[in-house]
Amino acid sequence: MQVNEYKPLIVAFCCNWCSYAGADLAGNNRLAYPADVKIIRVPCSCRVNPMFILRAFQRGADGVIICGCHPGDCHYTSGNYYTRRRMAALFSMLDFLGIERERTRVEWVSAAEGAKFAATMNDFAQKVAALGENKRLEDLRCKK
Amino acid sequence: MQRVGVFVCWCGSNIAGTVDVQAVSEALKNEPGVVFSTNYQYMCSQAGQDMIKNAVKEHRLTGIVVCSCSPRMHEATFRKTAAAAGINPYMVEIANIREQCSWVHKDMLTGTEKAIILGKAAVAKVNLNTPLIPGESPVTKRALVIGGGIAGIQTALDIADAGFPVDIVEKQPTIGGKMAQLDKTFPTLDCAACILTPKMVDVAQNENIRIFSYSEVTEVKGFVGNFDVTIKKKARFVNEDICTGCGACVEKCPMKKVPNEFNLGMDNRHAIYIPFAQAVPKVATIDPNACNMLKNGKCGLCARVCAAGAIDYKQKDQFIEEKYGAIVVATGFNPISMEKFDEYAYSQSKDVITSLEFERLTNAAGPSAGKLIRPSDGKHPHTIVFVQCVGSRCESCAEKGKEYCSKICCMYTAKHAMLTRDKYPDTEVYVFYIDVRTPGKNFDEFYRRAVEEYGVKYVKGMVGKIVPEGDKLKVQASDLIANRQLHIDADLVVLAAAIEPDKSARPLATMLTASMDTNDFFTEAHPKLRPVESPTAGVFLSGACQGPKDIPETVSQAGAAAAKVIGLLAKDKLMGNPCVAQSDELMCNGCSTCANVCPYGAISYEDKEFRMPDRTTKIRRVAAVNPAVCQGCGACTVACPSGAMDLKGFANSQIMAEVDAICK
Amino acid sequence: MLKCSLDKIQNLFAEISKSAKLYLPVDGKDGGASYGEWSEGVEWSGALNTTKSPKDFFFPQTEDLMAFKTAGKSIEIIDTRSESEDFVVFGVRACDAKSFDILDRVFLSEPQDSFYAMKRKHGIIVTAACTKPSETCFCQTFGIDPASPAGDISTWKTADALYLQANTEKGTALLEKLGAILEECSDDAVNAQKEKTAAIMQKLPLKDLNTDDFGGGKTQELFNNPAWDELSQSCLGCGTCTFVCPTCQCYDIKDFNTGNGVIRYRCWDSCMYSEFTRMAHGNNRLTQKERFRQRFMHKLVYYPENNDGLFSCVGCGRCLAKCPISMNIVKVMKKIGGNKGE
Amino acid sequence: MQKITREQLIEKASELLANGTVSCVLGWGAGEFGYDVTPTVFKTAEEMKTGFVFSDFCGANFSKYLVAKTQKTEGKILVFLKPCDTYSFNQLLTEHRFDREKVYAVGIPCEGMADISKIKAICGEGISSITAEGDTFIVTTLYDDEPIAIEASAVLAERCVNCKSKKHVAYDELMGEDGDVLDSGRFDEVARLEAMTPDERFAFWQNELSRCIRCNACRDACPACTCEKCVFDNPKSGVENKSPANSFEEKLFHIIRAFHVAGRCTDCGECSRVCPQNIPLHLLNRKFIKDINEFYGDYQAGAEVGSRAPLVNYTTADLEPGEVFNREG
Amino acid sequence: MNNANETLIPKIGVITDVRIDTPDIKTFRVVTTDGKKAFDHKPGQCAMLSIPGVGEAMFSITSSPTNTEYMEFSIKKCGCVTEWLHQAEAGQQITIRGPYGNPFPVDDVFAGKNLLFIAGGVGLAPLRSVINYCRHYRDRYGDIDIVYGSRSKADLLDYKEIIEEWSADAGVRVHLTIDNAQPDWDGHVGFVPNYVKELGFDTNKTAILCGPPIMIKFTLEGLIGLGFDKTQVYTTLELRMKCGVGKCGRCNVGAKYVCKDGPVFRCDELEELPNEY
């Protein structure tokens, strides 16, 4: 296709118990998704502080996705419920500031959903790529 | 900053096939802190592990990064390797370049590039790792079981059999719970008393078990392995130790018109009473609301007839403090109140009864000595209507009913209908249902027998209204399959009332800092994998307090809870997960936000005196995390606005370093 | 004296901006005025003064000093400075114009601050006389005449014209470039305006505020005044007063790791912040009282002591208007000095 | 105009000081110009007679001072609380930030406070006096102009225009009559922004936040921001910064601050009141409040002591983050 | 660009040697990338060292100006810059700028005087520069007494140099003390201020004090008790600094900037300043 195809940088925070295992399963099943997706392991999706998300954008990420256990399946019983509320509020705030809502996402991926993980990442990467570079939450000092 | 060694694994060709491992180990050499970087065919092999151990010695490594398969695979392996090499096992980080890199990317260039970035993130993190040491806490080898129904009894017996002392706290004067009130049990139809009372006797005779009947838990402090519990032993005005349970006092008691709660008020008992013949402990109890002597000091008959001299009108509530290593909640259930269900005329007619009342009516030890009669006139009922799902699966009537399925009603209604038809073939028995749910072993066969062998008339549809008219109950219902309205003149209507957790559960959950769902059922630590544990470490769940269940399920869960308790009590010390939350008290505001989100109740507060830099002192409320209870989810770290709360092993700084490394 | 008819003022701005970037006060949507770059159609604000002082042009809130690249154990320093271009700051009030004298004594004294010096060298300050000093104004306390502002060029705006007068070589050079738009004139209109302003000055509520009780050498006398406790008791410790102040010049030097290197930058700091003097092993100004006292002692005693009696305040009144709790240098001077201004 | 007078408050305070109920009074101290009011601790009735003021410019929310003052003061502090202040007061109690026993709270009615910048927008600078006459302010200036009459309602502070409640939710004693929780239009401006396109919203906030000078006034005045040490002052937090080096850091500070007070912010409006650059910061907080109300049911921080804030709570049926936007249709 | 007077932009320095002095103090030898001394300095002056991304901090130069090959810094671990330095190895580059501050008046006031150096803990670091300078120009000064104390023997800075070189010098008397007795110590035990009183010096000396504030306070009292005048006593101050050139506004005590007007102060000068250090 194009010579200089734009590659978005995507940070995926995955909870250790479900989504990280789901990502492993995607690997086991050799389900491809873009290499632009880089996973950071956290014990639970509720460990993800809004500061981490903004930090990722500051440092050049184009999209941030948080993956956790399905509601009701949290290893810690309620962590992902908190994630759900916090991120709903935070994403709505980012949108309020005019930052593209497609750059952030929360997705529940169980340890059995390797296919869902890969599909989610493919879809997310595609949506973010369509948006182009993150300009609205960038820190020019961090650009190469 | 650490002295980091990087070890890139080929995993045969699993990694090396799509990732240039040589390039990865070369690239990571220049990362801050890295003093050694290499690659090898199988890092997890003995030779690979030896390579790590040697490098630790040779290069005085303080941190290790292994770029290999998923940490879920070999993190434990490499941690052991680190420990064997003399460095803290938590100074190891894994970069997952197999499952999340070589296996999902086809192109060598992209794979290598990504592997390097993942490696950089791991190096950035390990540079900020600190050695972690799991905390240890001793275990008090005694268990507390709250609730003396079949769940509590079975759990206590199993724990006691393993050799650990157990205390049962039961709020009623006797143990036995709901099962003691039942007549027969499905699907085998053996008599409840026949299988329950021997167990009650076992409990009474077991040297490892103490029963605190007529008692309640009033305070719980401490944490897994070390609970301090206060038990209130309510005054029963009878010295338990000397009462022989002969019953002479009961016979002589002039106050005979007290509604008998054991028979659900369908007959009366005395002011001094023993709930039922096989009660354990078989000890009399004086009802202070009914006893003349206690109310106005006039009577004292029972004291006079008691040969043992066990009556003690001056007895006071007693508070007992005991230490426990584990607590099992077995607070059980109750049928919900039918008062609000006007459409079924429960309050208007004595002949509209609940299923539990029906149990008592058919029980040989019940108010009618087992003879099925209409409570209003004692006559034999000919047409009996059973209504299922009264208050269950009730989405639209949340204010009076429950949204969930009470699970046991289908089976006991089938049992009641079958038994009625069996004993009184002259009766006509209708059962109205939404669905018949009979998934247990031999359950569906049982239900089919009721329909096919015993001719119980099952009607899919709900009863709309019941109107008492003369000595009949006019039942208006719909038959959804035939699609018509039914009008039945019934003699007796039995309502399968929804069940709900016992009212004592909510305050208990607060004391235990155990979480509950919106219906006040206790929440499991994990709905599938840890179904008998509460999220609060050291608190276990047995029976219907966790959700509606029948006897076999209750007993198996009771055994499972016991096994978990035994597993806990068998340990001398508890090793904690060192990746727990930690509060920096200098920054803590004491706002309690973190405690609000902690699923484990691991956070407590204390007023602490601080020396301020200007040499004054200030007393501030600060959070303290109990590392023995914290499971390390990190919910508190985000809830904390000041950032005082951080998670060891997944610290803010570490995760941000990973973000930075990935994004640069 | 030169003048430019007001209907030609946009031409004047256009002409200036041919040779240098032109910044002037513009009205914001929020009701406040702030400096903005002129481009066609941008109107000069009629506001008395800007919320933020023009010190930003010479001593920006954030300013990169240098960059570093590190690799292994080695470090490379990258000089990120570049010769800046000429620029004109237009419409500076007399008080703010005076503030540059105060800042100069800090930044241009040996060893000179090359970052500031560079901008001073390239910046031309065009002042504008005040015609309507506000109730918060007290520049006369520090000997400033708002009707006769300093700067490279002084201007007076009347109902129909802008009068201009160059004070420095830089100013003269700039006015020469604008020759075509300007015409020679008498200074009658300006003098009339000055008189009118002087009359208003006589009505200002703070007109009698004076500095008699302050100045170099008064440290021992004022430092332990018990009134500091009361004055500082509700100070929030925010940096509003210091950041809107045209003379506050404290800064911090910080490093920012971009992931690809390190940028060392300086940014405004505030002596009101609890971190300001904190070291790894202690802090010599522990309470807000000490930090509060430092700010005012610095402006009224320490600075004059080191700078020939010049006070580090120009009476612009920004802190009076902006302090969230309305605590300010006037209240301090009245209380500490026992000077009721009456 | 305020219904309660300075004299009534002084009388009440004098009585409580005299009978030993309180040892000092946290009140409004008079300034230079009639509109510049400083929170002041008065120890005696005499001090109050000379320095205490109560007028249409006494907007400052005192609740936050209680955190520090209760630690330092012997005996009880008398504090006058307007209805909106009582919400902050309760919220601080919920978070255990001060000892309730050390405070004697007197609820006072509030008719809405005036915003001096709105007055100046009408009359210009150089105000020499502002006198209240009925529902009108008579403003004179230094420039010999005619006195200007301004309707008080025209210069009401933004937070008072959209007053959420005239009801006191906490007090030991109430002066005057209690009012009701009001049905304010406080979310209208948020809704207006929500209705914009993302580009318009971005432009709006870029313009507003670019003025931020990170003076921390919003944070330091905010009764919810009572952290012992703010993450932005803590080098270990990873987000410490002192100046908005660029547009990212401007946003970072305000997003994180709004997030940290989300569910705890009582919408008292101090942040916008104190902002020297007039950035409408309260809109960020109101956005969170509006969202929380819409997503999880109405919640007013500080309405009752001990309530659990929505972001530290959950139900199993909560909205999914992805549904936030679909919801809008 | 004209770099002549630019002081905020540093030079690159290379740590050529790291010496472990005490459990929490290391001494770093620093030269420029071409192996030379970064700049000349006078005894008591300081330099700003920094690690990009970590921070910059002011340290007194421990080595004597007479050492023309390199500079040394004795640095105690406390705070992020020092912690970072403590894990640095030889070959590590850092940045260095200076010299800053006023030196001890070694060439005028001190000339011909008997000198009494009193130091506690890491307080010896700034004095070492002066002591070695005075030892180098031994003939310019009278008797030299050095009182030095620390928590324990292991905490004595430059112990080897003190014993092997200083004690060996003619006219130099070294008096060591540690806070608490320990088995391998047969010297004096006790706090420095008390030891000074016990030693009871003649007032024909100029005293130079450096150490923790509490030590300075009591030692000064002790010296005055012995009849010293405050004009005879010099000390150094340490406050938070950023620019080093009296512009960033934080290290002032009254109208004096420690970075520019200090760090060396005569005690009577200090008395004139507000008590805010």
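By written order: A, B, C, D and E. Residues from 1 in each chain.
Quick note on the criterion: a contact is a pair of C-beta atoms (placed from the backbone, for glycine too) under 8 Å apart; a residue touches a chain by one contact, two chains touch by 3 or more.
Everything quoted here is computed from the prediction, not taken from an experiment.
Enquirer: Quick one: remove subunit C in your head and tell me the pieces the remaining chains form.
Expert: A, B, D | E
Enquirer: What's the minimum number of touch steps needed to get from subunit A to subunit E?
Expert: The least step count works out to 2.
Enquirer: In contact with subunit B and with subunit C at once: which chains are those? Just list them.
Expert: Neighbours common to subunit B and subunit C are A, D.
Enquirer: What's the farthest chain from subunit A if centres are computed as the mean of the Cα atoms?
Expert: Result for max centroid distance from subunit A is chain E.
Enquirer: C-D versus B-D: which has more C-beta pairs touching?
Expert: Of B-D and C-D, it is C-D that has more C-beta pairs in contact.
Enquirer: Give, as an integer number of Å, the spacing between the C-alpha centres of subunit E and subunit D.
Expert: It comes to 51 Å between the two C-alpha centres.
Enquirer: Taking the mean of the CA coordinates per chain, how far is subunit A from subunit B in Å?
Expert: From the centre of subunit A to the centre of subunit B is 34 Å.
Enquirer: Calculate how many whole Å lie between the centre of subunit C and the centre of subunit E, each centre taken as the average of the chain's C-alpha atoms.
Expert: The mean C-alpha positions of subunit C and subunit E differ by 39 Å.
Enquirer: Please work out the Cα centroid separation of subunit B and subunit E, and write it as a whole number of Å.
Expert: 66
Enquirer: Please list all residues of subunit B that touch 2 or more other chains.
Expert: Within subunit B, the residues that touch at least two other chains are 597, 639, 652, 656, 660, 663-664.
Enquirer: Going through subunit A residue by residue, note those that touch at least 2 other chains and give them in order.
Expert: Subunit A, residues with two or more chain partners: 50-51, 55, 59-60, 72, 78, 82, 86, 139, 141-142.
Enquirer: Could you list the positions in subunit D whose residues touch two or more of the other chains?
Expert: Where subunit D meets two or more other chains at a single residue, that happens at 231, 237-238, 245-246, 311-313, 315-316.
Enquirer: Go through the chains and record each pair that touches.
Expert: Listed by label, chains in contact pair as A-B, A-C, A-D, B-C, B-D, C-D, C-E.
Enquirer: Of all residues in subunit A, which touch subunit C in the complex?
Expert: Residue list for subunit A touching subunit C: 59-60, 139, 141-142, 144.
Enquirer: Contact residues on subunit A for subunit D in the complex?
Expert: 50-51, 54-55, 57-58, 71-72, 78, 81-82, 84-101, 104-107, 136-141
Enquirer: Using the touch definition up top, name the residues of subunit A that touch subunit B in the complex.
Expert: Within the complex, subunit A contacts subunit B at residues 9, 11, 16, 20-21, 23-28, 30-33, 35, 38-44, 46-52, 55-56, 59-61, 72-73, 75-79, 82, 86, 118, 142.
Enquirer: With touch defined as at the start, can you tell me which subunit D residues reach subunit A in the complex?
Expert: Answer in residue numbers: 190, 193-194, 198-206, 231, 237-239, 245-246, 248-249, 251-252, 255-256, 258-259, 262, 284, 287-288, 291-292, 295-296, 310-316, 318-325.
Enquirer: If you look only at subunit D, which of its residues touch subunit B in the complex?
Expert: Touching subunit B: residues 71, 94-97, 226-231, 234, 236-238, 260-261, 264, 308-309, 311-313, 315-316 of subunit D.
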